[in-house]
Every structure is written in C-alpha cells, then in structure tokens.
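See below for the structure under consideration.
Note that the chains are named A, B, C and D in the order they appear, and that numbering of residues resets to 1 at the start of each chain.
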Amino acid sequence: MSKSKEDYEAALARLQLALVETQVKAMAEGWKICVVLEGRDAAGKDGAIKRITEHLSPRNTRIVALPKPSDRERGQWFLQRYVAQLPSAGEFVIFNRSWYNRAGVERVMGFSTPAEQETFLREAPAFEAMLTDSGIKLVKYWLDITKEEQAERLDARRSDPLRQLKVSPLDAEAQKKWDAYSQARDDMLIRTDSEASPWWCLTTNKKKRARLNLIRHLLGQLGAPDIEAPDPDTLFRFEAEAIKDGRLAP
Amino acid sequence: MSKSKEDYEAALARLQLALVETQVKAMAEGWKICVVLEGRDAAGKDGAIKRITEHLSPRNTRIVALPKPSDRERGQWFLQRYVAQLPSAGEFVIFNRSWYNRAGVERVMGFSTPAEQETFLREAPAFEAMLTDSGIKLVKYWLDITKEEQAERLDARRSDPLRQLKVSPLDAEAQKKWDAYSQARDDMLIRTDSEASPWWCLTTNKKKRARLNLIRHLLGQLGAPDIEAPDPDTLFRFEAEAIKDGRLAP
Amino acid sequence: MSKSKEDYEAALARLQLALVETQVKAMAEGWKICVVLEGRDAAGKDGAIKRITEHLSPRNTRIVALPKPSDRERGQWFLQRYVAQLPSAGEFVIFNRSWYNRAGVERVMGFSTPAEQETFLREAPAFEAMLTDSGIKLVKYWLDITKEEQAERLDARRSDPLRQLKVSPLDAEAQKKWDAYSQARDDMLIRTDSEASPWWCLTTNKKKRARLNLIRHLLGQLGAPDIEAPDPDTLFRFEAEAIKDGRLAP
Amino acid sequence: MSKSKEDYEAALARLQLALVETQVKAMAEGWKICVVLEGRDAAGKDGAIKRITEHLSPRNTRIVALPKPSDRERGQWFLQRYVAQLPSAGEFVIFNRSWYNRAGVERVMGFSTPAEQETFLREAPAFEAMLTDSGIKLVKYWLDITKEEQAERLDARRSDPLRQLKVSPLDAEAQKKWDAYSQARDDMLIRTDSEASPWWCLTTNKKKRARLNLIRHLLGQLGAPDIEAPDPDTLFRFEAEAIKDGRLAP
C-alpha cells in the first residue's frame, strides 16, 4: 500500500472510531441525527455514505434514497414522504438526496412547476427550523465538483460495467445543463441556508480528502471531542461570496 | 316529528347534498381537504363529524382520531404522525382532535413540557402555511361550549351506558380545570390564528344550530355556490376581542 | 314513530349497548377484532357499519375502505396493503370490502388475471388462519340480496342526489353481470370458508332485520353474554347447500 | 496484495458485475427480490450484505434490519411489520435477520412464548408460499459457523473498538447457550424448509469463500447465465442429514 493510501486509511479508521463512539452516545441519549447529502451527479454521495456508515449499527442507521414518488405520493404534500423517514430517538438517518430534489433536478428538468419550486425554496428553512427545534440534529452538506471532474467521473462510470446502475439517462444532462444546475444550486444555497440549518459546502474533486473532512466536520457538529477541524478550503459554511470567488465550481 | 325537528332535518339534508356535490367536484379536481375539529370535551365534535360525513364517499373520506402515540412515535418529531395522515389528491380528511393536543390537553395535564408546548405554538402557523401553500384546503374549527353546558353533557354521558366509551378519566378534569383549559384555549387561538389558516369559532351550546352553521361555513370555504351565510353569533372568525366580550365561554 | 320502528330502535339500542360493553372489555384485554363485510353493491354494508360503530370509541375503532391501489401498491404482494390495516391490541377494525375484491369485482370485471384470482382463493384460508392463530378475532360476513332488491336500491340511489357518491360506473354492471357475480360469490364462499374462518351469510333484503341479526351474531362471536341468537333464516353459516336451496339469492 | 487476495477480489468483482446485470434486468422486468439472511451472531451477515449490495442501485435496493418492535407493533400480528418491508416491483430487499427471530433469539432468550414460537414454525412455510406465489423471488440463507470460530470472532469484536456497535449484551449468551441455539436452528430448518421456499445453508468459517459461494448461488437462483456452481461443501440445500453428519456445526 502506498504511503498516502496508508495515511488515508489510518485517518479514516480513526474518524470511523469516533463515529462509532458518537453513535454509542447517540443511542444512549436518544439523539435524532439527520444528515442530508446533496450535490451534482457523481459528486461523491454514495462513497461518502459508505464510509460514514461502515461501522455503524445496522439497526440504528438508515440510508434513505427514495425512488420516484408513487401516484398517490404525487397527490400529497411534497414533504410528506420525506417526513415519514425522519429519525426516531436513537436513530441516525442519512438522506442520499432529499427534499432538495425540488430545487435541483426538478427545476432543471422541469419535473415540477416554477411555482412549486418557489414555494419549496420559501418554506424549506421554516420546515427545517421545525425539525431542529424538535431536537433533530440536522446537518446538510452540498458536495461540489468541477465540470471537468464530473465529466471524467461520468465517463469512467460509462466505461465501467460494474457501475452501470449509477448511470442514468439524466447523466447526459448533467454536463449539458451544467449552467442551469449551477444556477439552481446557487439559488438553493442562498435561499435555504439559515442559522438553524446552515449549508456546509464540501469540495469533492479529491475524494479521499473530501471524505475525511466531511466526517471530521460531522463529528464536530455532533460534539465529538478531540476531532481535528476540517480544512477550510475543503469544507466551509456556505456564503454567497463562495459563488463569486469560485470556491463553488462555476 | 316536531316542526323544529322537521326544519332541522330538511336544512341538514340540503346542506349534506351540497357537501356531496362539493365532494364530487373535489374528487374530480383532486382537491385535498383537511378539516380540523378542536374543542373541549363534549363540545360536539363526534356529532358534527357524523353529520358532515353521513353521505360522503367512504373511500375518499377519512376520519382521523389518533390513539396515544406509540413509544417509537414519542421519539419522533411531534408532527410526524399527523403528517402521515394528511389528505392525498381527492381525499377529504377530518381530524377529530389534532396536533393541537399539544396546546390543550398536554398543557393542562402536563403530558409534555412547557418548552415543547411553546415550540408548538410558535411553529403551528408556519406548519399550516406549508400545508395551505401546497394546495391543501385546511379549515380549522374551535367548538366552544359553556361550563354549565359541558357539566350537563358530561353528566348525561355518565348516566347513559350507551355513551360510556365517551367517558374518559380526563372528563373529571374538564370541569375542575376549566380555567386552565380556558387559558390554554385563549393562548392557542391567539397564537395560531393566521391569515393563511384562521380559526373559526363555533358556539355549540345549541347542537343543531351549531352543526348547520358549521356545514354552511365549511361549504362556503370550499366554494359551494348558493349557501346561506352562517349566523355570525354562532360561527365567527377568531379575534382576541371574543375572549373579552364573552363570545368564547369564560 | 310507528310501533315497528320503535321496536327496531329499542332492539338496536340494546345491541349497541352490548357492543359498547364488549369494546370496553376488548380494550381492557387487548383484543384484536377484525370484521370483514362483503357483499354485492347495495347489499347494506355502509348502513350496517354505521349502526355497529355508532357508539364505539372513535380512537379504538377504524373503518377501512381502501381506495384503488397506488402504482407502487400494484407492484407489491396483493395482501400487503390490507395487512398494514390489521388491528393492533385493543383495536376494532371493520373492513368495508376487503382482500375479497380479488375474488369478486376483480374477477367479474377482469381487473386481475385468472391466475391471480386462483392464487388468492387458494391462499385466503391460510392467510386468515395465520391471523386467527395470532389472536385476531376475525369475523367474515357475506351480505346477500336478491336481484330485484338490488335493482330497486340502485334505482333509488340514482334518483336520490344525496346518494350520488354511492353510485359508481360499476353499478350498471351489477345487474347486467348478476350471474357472473353469483358465480364469483359461490366460488369464493365455497373455497374460502374454513373452520378457522367461516363465512356468515346475512340475508339483507330486509335491512333492519339484517342489521339486528348481524349485531346479535357478532356479539355472540365476541362472547357477549345474554344475547338472543340470530334468526337462522337471516343469518347462517355458509354451506354449499345454501346455493342450491336458494338461501343465497340465485 | 497477496495472490489469494487478488484472486478473491477478481472473483468478487466478476460476481458483483453479474449482480449488477441481474438488477438491470430485475428493474426492467419488475422482479420483486427478497433475500433473507439468518445465522448466529458473528456468522457473517453484515459482511455478506456489504458485498452483495456494493454496486447495486441505492434507489432500488433496501437493507432491512428492524429494531425491536414498538409497543404498538407488539400488539399486532407478528408478521405485520415484516410484511410492510416486502419488495415492490423492481426492488431488491435484503433482510438482515427477519421473521425467523421468533424461532431463534426469541426462543432461546424467552422473548416470546413457546406457543407463539410453535405457531410461527407451523405458519412460516404457508406465509412464504404466499410470497412466492405472488411472484416474490424469496431466497433464504442460513449462515453457519462453528462454536470455536464464533468465539474467536466475538473476542475479536470485543477487542476492536471499531466494532463495538456490533457487540451486544446478547453476545455473551451466544456461546453460553450454544446448544440451545443449535436446537433452535435445527427445529427451524427442519420445520420451515419447503419446496416453495427452501433453506440454503452456507458454511461461513472461511468468510471469503462463503461470500463468493453465496453470491454465486444467489445469482443462480435469479437465473443469471454462466455462473459457476457454488461449492457443495460450502453451500448446500438443507436436509436433516446435515445436522447428523456435522455439515451444520454441532
């Protein structure tokens, strides 16, 4: 194993141990943990989730990756099917994409109306404030990659038969509609970042660095002791400035 | 049949017909109707629901009267189990007591903490604004009786074996803690009445008049044509003044 | 009030009181009660349910009248959405139509395949044996009317605007396909009557007599003391003979 | 990397590719796949699941590891909460422990009554026959280790802080009550193995070999082409003989 791979694995193991210890505490104290992972296609959500959950308790950890809504669900309040998945006491829930679909893929691809998207953007902060007020520990991450890196990763997927289930018809649009997705991201982050529920931006062009920083940050949010602060160039609180200065990929 | 009973039944039948016609339209157009009935014990909720739903479609109408929460539900976001019951397109849902338990019985009986009750009162308007923004037609009624009338009805229940399932250990508290319930009602109405989701107060000392006025008003809210306006002494939009001037039973 | 109406109401009140007392016991002892009402259109299911539930506890009684399945539900095990509605301890659940849709309307109207219907008929007894073995008190009724009576009731509905929500496009087929429905009924009763979960047949041409007998029988099944036995011409255990001798309407 | 590790990883990758291709087909054709993994503590369930699901579609694959039942669930039909998790069309569901808890841990630890356990053993084959008849592809595995191997693995867990969430108070009992667990296993396999839903036994003392054979077998069950047959010493259809001849660890 290369030195850098060894270092990564050692660092990851240390952080995973802290996650384990945090979950022991969370279960004992009945915490409700809810992590939201958003980001463009191929930004690294699945890989991050895999590392976060690797040693956690299968019976107290749920990964929520909802399929498209049923016809009945389409007739309901948009947030209803997500609310059904929120953590109960002692549970650690990770949303692999979330209610923010409405502000991202639905907007760019026209899967809902502009009025519905506008309503969502206005209400998401109030919705999340309710969750946090109710004691849910909600932590939201935006995983950000550059256009070039996404192109490479999507190409790699297409040529790797093992990853064919990760290739969707929408992938082709990810690059073509890059700018529309950027605009959607910017609006989403600007309008739904709040003190009660801020967005944490994670630069994921370098996967391993991204994962380590994500876990460090999450541990910090959950009050784990003695965790090194994340690298501020890789993980930072969203601010509008980050769009202009290029920290979020243009 | 007495003349007044005949008149009542004729009036009720006309209004029920309008409800039926409204539901035909609601099903065709995919409306989501959500009626919340709140009020003190014996204020007439069950009787009103019976008349509203009498001729509606069993497959498109749901009466939601949740039992006490399970241990898992107690570990969740308080509103989660209510959200699961919200109407889908074409559905007419009536909550027989609702999330407002938190502001009423839970406060008076100490079933939740003052902090939880405070959080609820602050958030209910935002929660309901989301529902109405999502297209749910939400109509909230406070059924109000006087202390004397409640005493009589509770007595009547206790002496009628047919109604023994309506007698609960909490009934005894309804009269003893009348003033605490009044204070809870006042705070609830003041803090959770909003333009998006107002409270409609219904004086129910006279049951039949109350039912007719409730249905008239509900039909008006749902846009039914040619419905006589409800009697403003029996059914009125909440305003703080109504506490002072005795329209809400002191 | 006519003498016969008075007698009916007095008898009904006595039986409803016994239902109330039975539910008091059921709640105290955590019984799971599950009543299935099946029968042709206009056979009197809604009316019977109304009388059974009139004085029961709204928080411990659920009427289940499922709408047509969602697209997701259509992809599941057929019984899954019914299983989700089964009673928990202390609950009294009434199915207004049930899993037997598969053997009735689905067969006559071709809403599922003959193979699916065959599978259902083979498995229903085993499914119900599991429910009763698990302690669920399952009582199944087939409400039976004659062709002429159904014709009259369907006509009456069509001419009564108050009942328009009870009129469905399928009503027209009820008479046209009378014989196909009879055949479906016969096969269903023959194949899904079992010792663990027998079918009780109720002749409903006379509505009031039918309701009283249904409640008398249900009370007997639930062990209520001092209940008059139902009239054996109106309510009887299914046997194949009843098809031939005309007790079930040909 | 050692030669044997390289070989393992190459073999695993080939099998995972076949799983991916199988899921592509399963999603296109709406298959409902339901895999049940049972076995003693530390028999290798989590590790096997990780390899099976590694490259599958997160939105069409669900791992079900139910926590202990809520108080409401304890009042329901035992199978109800499992039925709620069954696959819909296009879904691949893996149960990490399942309804067989009733025949294993509940029996050994006395968490349910002997009568409930007996009922379960009698009914499980009928229940599963319904699932397979409804088109669910149900595949059940019993992961089997020796007492010595379990002791080593449990020790290793206890000394590895990273695995502390896998250590449960019940672990101590796994060795102490080894014989009771063996008896429970034998009864369970004998009574719930059926033509419609056989038990496949997997010897997991050698983890990597076990995983490869499990996936090979699963692929065969799902009709994947050109998959090498599993090694019959590692994976075999249950038969009572296997208890006596020591293929199942005594």
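A few points about this structure:
Operating definition for what follows: a residue touches a chain if its C-beta (ideal position, glycine included) is under 8 Å from a C-beta of that chain, and two chains touch if they have at least 3 such contacts.
Small disclaimer: the values here were computed from a predicted structure and weren't measured.
In summary, the chains found to touch both chain A and chain D are B, C.
Although chain C and chain D carry the same sequence, what matters here is overlap: shared residue numbers make up over half of all numbers found at their interface. Interface comparison, B-C versus A-C: the pair with the greater number of contacting C-beta pairs is B-C. A separation of 40 Å divides the Cα centre of chain C from that of chain D. Chain C has its Cα centroid 31 Å from the Cα centroid of chain B.
Chain geometry summary: the mean Cα position of chain A and that of chain C are 49 Å apart.
Residue positions 72-73 of chain D each touch two or more of the other chains. If you draw each protein chain as a dot and join the dots that touch, every dot ends up joined to every other dot. The touching residues of chain A, counted against chain B in their complex, run 30, 32, 72-80, 83-84, 86-90, 119, 122-123, 126-127, 129-131, 133-134, 136. Listing the residues of chain D that touch chain A in their complex gives 13, 16-17, 20-21, 23-24, 46, 55-60, 63, 65-67, 96, 161-166. In the complex of the two chains, the chain C residues touching chain A come out as 70-73.
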